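Inspection log for the structure reproduced underneath, given as structure tokens.
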Amino acid sequence: MIYVTRKSHFNAAHRLHNPEKPDDWNRKIYGKCNYPNWHGHNYEIEVVVAGEPDAKTGYVIDLGKLQSIIDEIIIEPCDHKNLNTDVDFLEGIIPTTENLVRTFYDRLKEPVEQSAASGSSLFLVRLYETERNFAEYCPYPRI
Amino acid sequence: MIYVTRKSHFNAAHRLHNPEKPDDWNRKIYGKCNYPNWHGHNYEIEVVVAGEPDAKTGYVIDLGKLQSIIDEIIIEPCDHKNLNTDVDFLEGIIPTTENLVRTFYDRLKEPVEQSAASGSSLFLVRLYETERNFAEYCPYPRI
Amino acid sequence: MIYVTRKSHFNAAHRLHNPEKPDDWNRKIYGKCNYPNWHGHNYEIEVVVAGEPDAKTGYVIDLGKLQSIIDEIIIEPCDHKNLNTDVDFLEGIIPTTENLVRTFYDRLKEPVEQSAASGSSLFLVRLYETERNFAEYCPYPRI
Amino acid sequence: MIYVTRKSHFNAAHRLHNPEKPDDWNRKIYGKCNYPNWHGHNYEIEVVVAGEPDAKTGYVIDLGKLQSIIDEIIIEPCDHKNLNTDVDFLEGIIPTTENLVRTFYDRLKEPVEQSAASGSSLFLVRLYETERNFAEYCPYPRI
Amino acid sequence: MIYVTRKSHFNAAHRLHNPEKPDDWNRKIYGKCNYPNWHGHNYEIEVVVAGEPDAKTGYVIDLGKLQSIIDEIIIEPCDHKNLNTDVDFLEGIIPTTENLVRTFYDRLKEPVEQSAASGSSLFLVRLYETERNFAEYCPYPRI
Amino acid sequence: MIYVTRKSHFNAAHRLHNPEKPDDWNRKIYGKCNYPNWHGHNYEIEVVVAGEPDAKTGYVIDLGKLQSIIDEIIIEPCDHKNLNTDVDFLEGIIPTTENLVRTFYDRLKEPVEQSAASGSSLFLVRLYETERNFAEYCPYPRI
């Protein structure tokens, strides 16, 4: 199996807040990430596809095509947007890096696998909130 | 002359919008940077102090002390905040990287020079909005 | 399973030397890493926690809390110290990156898992000695 | 198990072209990567060895020795060369990142495992074509 | 004066060779950079514009517009090309980083200054051949 | 004028301590940088040469030759060494980044200028102690 990765990025505002909980719970749990007027990040997203390279092209997936899918599914709806208020598919989701990366994986899975070499899988999505904080979702057991 | 640099960072939301201009002017000039519900960045700030090292310490400025000044003057008021609405000293300023870096320089100049070796100057402040977009302000003529 | 990572750093001196072996063996095996008067590194440590995000917070673990644990368990005892002589829990351990990362994992496991969402595990610790040399310890079988 | 990594680099020219296919197929599949007069990259290669540290040295593998093997097996034949025309062991292989990383793994496996601590394995090779495009080969099942 | 920078990149093949000199002179002077079948790099280009921010926009130059100019003037003609054979404006120029950066500056000067705030100047162009080798051209005296 | 830069690195131990001052002064001024048993860093050094490219080679200086000079003058005496005790030319110098970069400049100036194109100058040396702390020495007035 070969694992190919495409790294892409977008800039967005967000705020961590659970609307079902009182304000003091939110302030205690999320600290400065709960400030009411938003803050933001330069997000970096890495999308990893596992498969056998196609014999004729030598590609697991054309990374240009993979970038187009990431652009359409993730970057266009999220870039320069507010992740709490502007993105349909994030409605009702607290935008922690954990929740975002899982949601992004689910949206990318079908279109990525349809464009990759036969038998390929969307293996993992990794999302950097900052250079020092990141999360990844991988549905294949590692523990 | 030795030039010493301390690099620091903060995360903030902002939006580019000139309130004295109509909405269509703002949309045309700023494009997606004008989206109404904010977006954000992981800002990186580099503060450069020029001077002769103190003979006893070998320091132009103690970089721990410089970090404390940057923390107090820039990071605490801006980190996890909205640069358009939450920061007193940015009131009335369109938060382009150009305007931010100039404002940060002006605020840092006096406290930095008071903590540096005698005869030192705040030479330059550089602000990265993203890894690929940055601005610097230096009052000393280079052209 | 979501895997969240916090990256942190410290600066330390060390020397590779097996005191049970003669000096010429040490010089031959470790080369310049055996120089008697120490050398040092800017170490970067990545701590990876695997779990399901808590339904109320959306966190596998609060990365601020994770940073506090790393600070107390690793950074405070090791930062600006000599790894051969100053750190109690490294006594008797040759400070190769391999040995350090394993020791750090063992010390971090219990406090990290107590602070993470129920059912979480300390999945992996990665330690960079330089940008080009690093080691990771993961107790879950990958081979 | 500890996993140790050594990162190294080389600069090379290449072109994606399947000589068994007509020119218009190649242009359609590979786009600008098919331009006839070559283009090139600063490749970065990471070689990951898994094993138990040797009790006497604390090393899974001496990273200096690992670098020597990478130099001999990969860097010397590929650096400042044309991957389509100058490298014997790449003859007949379309130099996609996928195909390169698999070929590099196969060449490195035996000499790396002979130089590592007893029972060690070449776990994975990762190859960056650019900072945003990379591939890895790992023969151990992860899916 | 504010200095704003936009960083961009392209991948290209090249070879260092002075056709007016014999082959052995070229091999001696350029070493492996003279290998006949080309090698290549991931070039990174930084374009620095100096000026006073426009009072209405807060921009020295719209970095999106600056990117469009860099795309048209540098990236489109050079990306995935051979710098010795495919680029009209590099004809007769030995593609050292020094010569490339000077040529890029000269081509960018007029279109960049026409798109920037009144009174702005193209201050400097910096070109990275690798992360460890780079050159910059600045016509304003610094020595 | 073209400015060419070569970046290189070394790993070393050091401690900040002024032997002419009492221990409590040293502890107060240098804090954890004064810990008695040393700490260390991955230093990165950038050497910048200014000049006109030679008409025949297109080089201000052959960066391979520049690397050899840096290796001989800086890397070999300092790499994997203790900067307080092991390096002749640092005797009596408190190894702050400021003092180190000035001393490195002075040692590099003559051999670099003798190997560069006629009329070239060693313009600047930049030394990174960490990714966030660095100093540069440039003898040409900028203030």
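Brief remarks on what is shown
As written, the chains take the letters A, B, C, D, E and F, and residue 1 is the first residue of each chain.
Following the convention adopted for this analysis, a contact is a pair of C-beta atoms (placed from the backbone, for glycine too) under 8 Å apart; a residue touches a chain by one contact, two chains touch by 3 or more.
Not measured: the values here are computed from a predicted model.
The chains touching chain C as well as chain E are D, F.
Counted as hops between touching chains, the shortest connection from chain A to chain F is 2. The minimal number of chain-to-chain contact steps leading from chain A to chain D is 1.
Separation between the centroids of chain A and chain B, computed from CA atoms only, is 30 Å. Chain C has its Cα centroid 34 Å from the Cα centroid of chain B. For chain B, the set of residues that touch two or more other chains comprises 131, 142. Listed by label, the pairs of touching chains are A-B, A-C, A-D, B-E, B-F, C-D, C-F, D-E, E-F. Those residues of chain E whose C-beta lies close enough to touch chain B in the complex are 1-8, 50, 53, 56-60, 62-64, 121, 123, 140, 142. The touching residues of chain C, counted against chain F in their complex, run 9, 11-14, 32-33, 35, 37-42, 79-82, 85-86, 130-131.
Residues 16, 18, 20-21, 29-31, 93-99, 101-102, 131-139, 141-143 of chain C are the ones touching chain D in the complex.
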